[in-house]
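Each of the two complexes below includes subunit A, the first together with subunit B, the second together with subunit C.
Right, the complex of A and B next:
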């Protein structure tokens, strides 16, 4: 077992059986391949989060402060008062089990504590014991098994840590819950509590510290950020023959500020999406005079703070409005990213608004008023591009994507925390001729997580990631075998970072792309030279024959 | 065998025995017929109010609806106004479907690996059917019981009874008669749905694994209530006139101990009292909680209308000035505009 587990071995254990011992009597076993390394205390300290210390999940002693139980108890109390979601969700679950097999981690690992209901019970059992009179009395009289209430022991805490970092906050269970109980809320609270004791994972803590300092998770400094974008400009010329202007950076008085996840600047295949943005903006600038700037200070759309605590989320997110204000832009355009959009859509205006220094977003090209973003003043690029296409503002040749058979993965957060379902599909259908949907139970609001979201896209937890991504990969495999799909499109930077490994593991012949890579392939620049390659340098279908005929 | 359901079953049986013994052995009629129902009612009112007020006391800092359909965005894209509402009307519709028709549960699927490890998802409607059947049958039964509290019996109760006994079942044999008085469908649907829900908990491994004693207890309790009710109505006939007098006395706060109505009635009454008292301190409060669930009762108009967090506090951020201070030289060298040239 561990990270070298084979697909067959992984599948063989998914029999959905239940252990002989009840879940309260089944101790947690922290297993290699299933967890992420402990947070580097320097990262925790850099952003001033509580109790930075060195510890190792595999060791017996986690070096907690003496009063750790009190810290958690008080943390829970405060959160029960602050979040009605938390309080109501602690009280009303009837354990009907409808959520059980909706979780990709349960489907992939077969571990019953990955059923959303049990994940919540891990916390709920302590809530019952500490915060309800009935629970307290029942436990005194009948014991923990009958009462479902238990003391917060070190083993319980370890169990929290293990399983709250085996949840990607994707909200799929919440779609099926008759009361809308959202495990993402439970996990968010659980992680906030763990963070009170410095128990974060490093794959979250260090990006957070990086983002705080340099403006992005990857710690790319401003000059390097510029270098990378300039490098893409060269690549674009090499593969398409089109000379785009280097993007404007930190330009005061531009019309629009563009913010996207730094992951797309850094690693394939996200880089191709980034090149897609550059080409689209250059096209719009040359044809319609679009004035857009990127920022090195706000060079991160994603927000790993959201996986730490609400407060950290707010602290990292603050840069977006601050930079928009400093640069004096009219509104903000956001790139393709999942949890970034959960934060922007459902939190940003509340935590860091009102953005009264910005204007109601209007597309300078089509004149469309984005009424749905009237207050937050931030528009999703899929909305922006769909509007351009609808108004016939882009000259597109979808046959340039004919070498691709595309399916679309709805990313969790944009689908279940926002509802952006049709816009990306509309764009894809206009830039590709071959588009195939995955089965209905695996897309749109029922979409399956990539298995690596919410900060779990590390390298040391590969077994967990491959298990969690199983349901998604399984649906891709289905359309791959049925329709010959060879490209998985998505609007999320974490997806682009993690799907290549997942596809490699489960469906090796399928590549991964962002929406705007496909757009850029199809986009016909005025007077551009005949294209023979896509943005990856792959030959276009028929390009060779055409040349021969001429 | 599972400790959780054995325990709950034993408790319910014990409760029934206590009621029986309390009246027939110890003769504590006043306690069981008057004190217990009143105490139960008081516990219910206080507990329910406390719980709901407790929830209401907590803040709703963020607008976090779970969106289950297309958002409102561009005018030519059709929004799913119910599953992803952007207006109060939409939210009311969503809540209506959720509360009255259990919309989310209706989506339920069952995942299974088929040949060659293909994951397939089957629409699983039985939980939804049983849940609806249980709740509606229970509601009809409760409403029918209003006939014991009003003289004359309200029109709507009479209508409901008529509808409920629409299908006539009659079976007469020397030792087993059913059909007189007319059979109410609701009682049997209630019992059937309860048995299904219980069977599901006991026989489905996953559900059994997550079930607590407090999940079995209300099932056994309501089964006990339904069974004793059915027994009284069709088999061990009780003095309905006396029961009605007693019920009206209770309701008008002039309680009088009923005489000679048979032990089964006391069992029924006691189990109902236990259920009423238990309700607000248990998971049964989902009845109230669903109205306050923030993933369902808020509009997804986040970017259009600012949501205010009453406890929003200011935080320390890394300002642009601090950022430029650290990277100024590199920025200048790379030709990135800066605020201060040195």
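Right, the complex of A and C next:
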């Protein structure tokens, strides 16, 4: 009772949770809404990841092995030796603070431990203590710590877990770092270390197990995958009057294998993007003879293994090349996805390549050689479609998207990770008449993350997602108020899955779409009946009046 | 309330103090960052605080109605509703204004004193508006938590006829 605050003192208090101690000595407070549930041990066990066990972040005891400090120490040592970048990033930061206010989680939550520099310091403080020469000498000879060093305690470990799962590995901070420190790589290492103790989140662990077993995150079996695609074929006919052929599945000897995130097949509004792919491929087949196949084995482009360890990422990614080899295709076309492309662009060729059984990708329709994909043999569909449009191969009527005022969100991985900046814009400008950019410091290389990437698109961490997505939503709100924007386009399945909730909270008047939904709306098939609806069954501009007049 | 009253004339001083009080509810480093202001996209929370407080202040001075005040304060309460504040701490910034007004305005005659008294009543009303708004935001968060998976995946499966419905005994 002695410490209890009096009601009349409520307004006078200034300690709204601000701790009196420094950050290194303040134990983490794990708050509801800011973390994802602990990994199901069965999922951890299924893929053979270390130390599967039941635990709860809110409980005091995380049921760790007795030698957990030794496991982390050895894990860190191995990674410092194996990854030169990790060692360099631990050593060279001068704490200039250029990254501090660039993180969407810091901007949205106001929590200083979400400053990228401080998030890295969580790990670096232990590195200084246990791995630097100065740190070791000071400890051994003088029994003291060097500045900025601390012991790896259970509180430190809990803090790692809380904050390394409050980073979406979007790499915006790295754009501003004068040394080029990639803080995403520090998060990747932090998560790998936590995985050594079975400390993952279930939104990552279970999709990984599903993906390994059944081929996609939701664990949908091949027949259901086929059923969904067949259903889309029916929907397309209902809304557009066009009868597209059911897509080829697992066809040996096809020219091209198409792989997309399963979110496009199983989650709205990605399903409309999927209908867009189906229509584009059918158009190209009928007009130009394109021979493309989907796969029920490589039925997931996304790779949540990337958020557990390099080895798991490699295992999940391997099925792409394995399926390409089994089917005997020439090259692979990839759908609209985010981190799938980071894995393809920066890891696939070296972890599972070289794919010397595939050919350098050439568009069978335009003859364009995709030299940038010479190594991975995998082409991004935004490039593929932009090339088709550039060569006048698509008959397009952009007025069919006149009911939409569109802005474009650069998804972090395709934009910052691999430089896909112009192609989606080129496509949008050719299929829509009303396109408006968000402010320059929120797009392209400086794009703000959706706030839910890197496996954080669960439901239980909604407060984290809403605060992390605030900077992006703030820019969308601006173009909504200034230009009347009502549709947010993107080329990432996680974006499509999480933006509807983000928009509903911050800018409820704005919908979410993939690029190829817009393409399909505008695509004019030879001899097609006049369209009155878009792919969502919404009336086209002018169509409603015509119906009313009749 | 007259626009010529001392309160309206001291708008800039009052808003500056009110902003600083709101910024002080965040951690020290964050308060400092918010006070730097700058580009509204690079420092979005700072811009939202500034814009909301100014609109609300103008609304209070100009006798705005509940709907207008509610719209003005929406962006700020919406932000604070997801930042981990307790409900009381989240909307406590409203009452800071009472103290600020007394720090800035000298009630040297009865007209000013009446203006301050009227403002107190309006501020109390604003607190109730913020309470409604805070609850609206929190309820939206819980609704999103409850419905997102259903809206995202269940609906896609349902459209595809891949779920048994109750008519089929599913």
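Heads up, the rule we're going with is that the second predicted complex is superposed on the first by the 512 of 550 C-alpha atoms of A that agree within 3 Å, B and C clash if a C-alpha of one lies under 4 Å from a C-alpha of the other, contacts with A are read in each partner's own complex, and residues count from 1 in each chain.
Criterion: contacts are C-beta pairs under 8 Å (C-beta built on N, C-alpha and C of every residue); 3 or more make two chains touch, one makes a residue touch a chain.
What you are looking at is a predicted structure, and each value in this text was computed from that prediction instead of being measured.
A.B. asks: With the two structures overlaid on subunit A, would subunit B and subunit C clash, or do they fit side by side?
C.D. replies: Superposition result for subunit B and subunit C: clash.
A.B. asks: Let me test your reading of the model: by the given contact rule, A:505 touches which partner, first (subunit B), second (subunit C), both or neither?
C.D. replies: Only subunit C is touched by A:505; subunit B is not.
A.B. asks: In the superposed arrangement, which partner chain does A:101 touch: subunit B (first), subunit C (second), both, or neither?
C.D. replies: Both partners.
A.B. asks: In the overlay, answer first, second, both or neither for which of subunit B and subunit C A:357 touches.
C.D. replies: Neither partner.
A.B. asks: Name the contact category of A:271: first (subunit B only), second (subunit C only), both, or neither.
C.D. replies: In the superposition, A:271 touches subunit C alone.
A.B. asks: Between subunit B and subunit C, whom does A:474 touch in the aligned arrangement: first, second, both, or neither?
C.D. replies: In the superposition, A:474 touches subunit B and subunit C alike.
A.B. asks: Could you tell me if A:460 is touching subunit B, subunit C, both of them or neither one (first, second, both, neither)?
C.D. replies: second
A.B. asks: When both complexes are superposed, which of subunit B and subunit C contacts more residues belonging to subunit A?
C.D. replies: Answer, by number of touched residues of subunit A: B.
A.B. asks: Looking at 25-33, 115-123, 133-141 or 259-267, which bit of subunit B clashes with subunit C?
C.D. replies: Residues of subunit B that clash with subunit C lie in 115-123.
A.B. asks: Would you mind listing the overlap between the subunit B footprint and the subunit C footprint on subunit A?
C.D. replies: On subunit A, the overlap between the subunit B and subunit C contacts is residues 11, 14, 16-18, 100-101, 107, 112, 115, 227, 439, 441-442, 470-471, 474-475, 478.
A.B. asks: Which bits of subunit A are touching subunit C when the two form their complex?
C.D. replies: Going by the criterion above, the answer is residues 10-11, 14, 16-18, 31, 33-34, 100-101, 107-112, 115, 218, 224, 227-228, 231, 235, 266-268, 271, 439, 441-442, 459-460, 462-463, 466-467, 470-471, 474-475, 478, 497, 500-501, 504-506.
A.B. asks: In their shared complex, at which residues does subunit B touch subunit A?
C.D. replies: 3-4, 7, 51, 54-64, 66-74, 76-78, 80, 83-84, 86, 98, 102, 104-105, 107-111, 113, 117-119, 121, 127, 131, 204-215, 281-283, 285-286, 289-290, 292-296, 300-309, 311-312, 315-320, 323-324, 326-327, 330-331, 333-337
A.B. asks: Hey, which residues of subunit A end up touching subunit B in the complex?
C.D. replies: 11, 14, 16-19, 22-23, 48, 80-89, 91-98, 100-102, 107, 112, 115, 117-118, 121, 132-134, 142, 145-148, 171, 174-182, 185, 212-215, 221-223, 226-227, 249-252, 296-297, 310-311, 314-315, 318-319, 322-323, 326, 344-347, 349-351, 353-354, 368, 370-376, 378, 383, 386-387, 390, 415-423, 426, 439, 441-442, 444-446, 470-471, 474-475, 477-478
A.B. asks: So in the complex, the part of subunit C that touches subunit A is made up of which residues?
C.D. replies: Result: residues 24-30, 33-34, 39-45, 47-48, 78-79, 82-85, 88-89, 92, 95-96, 137, 140-141, 144-146, 148-149, 151-153, 155-157, 159-162 of subunit C touch subunit A.
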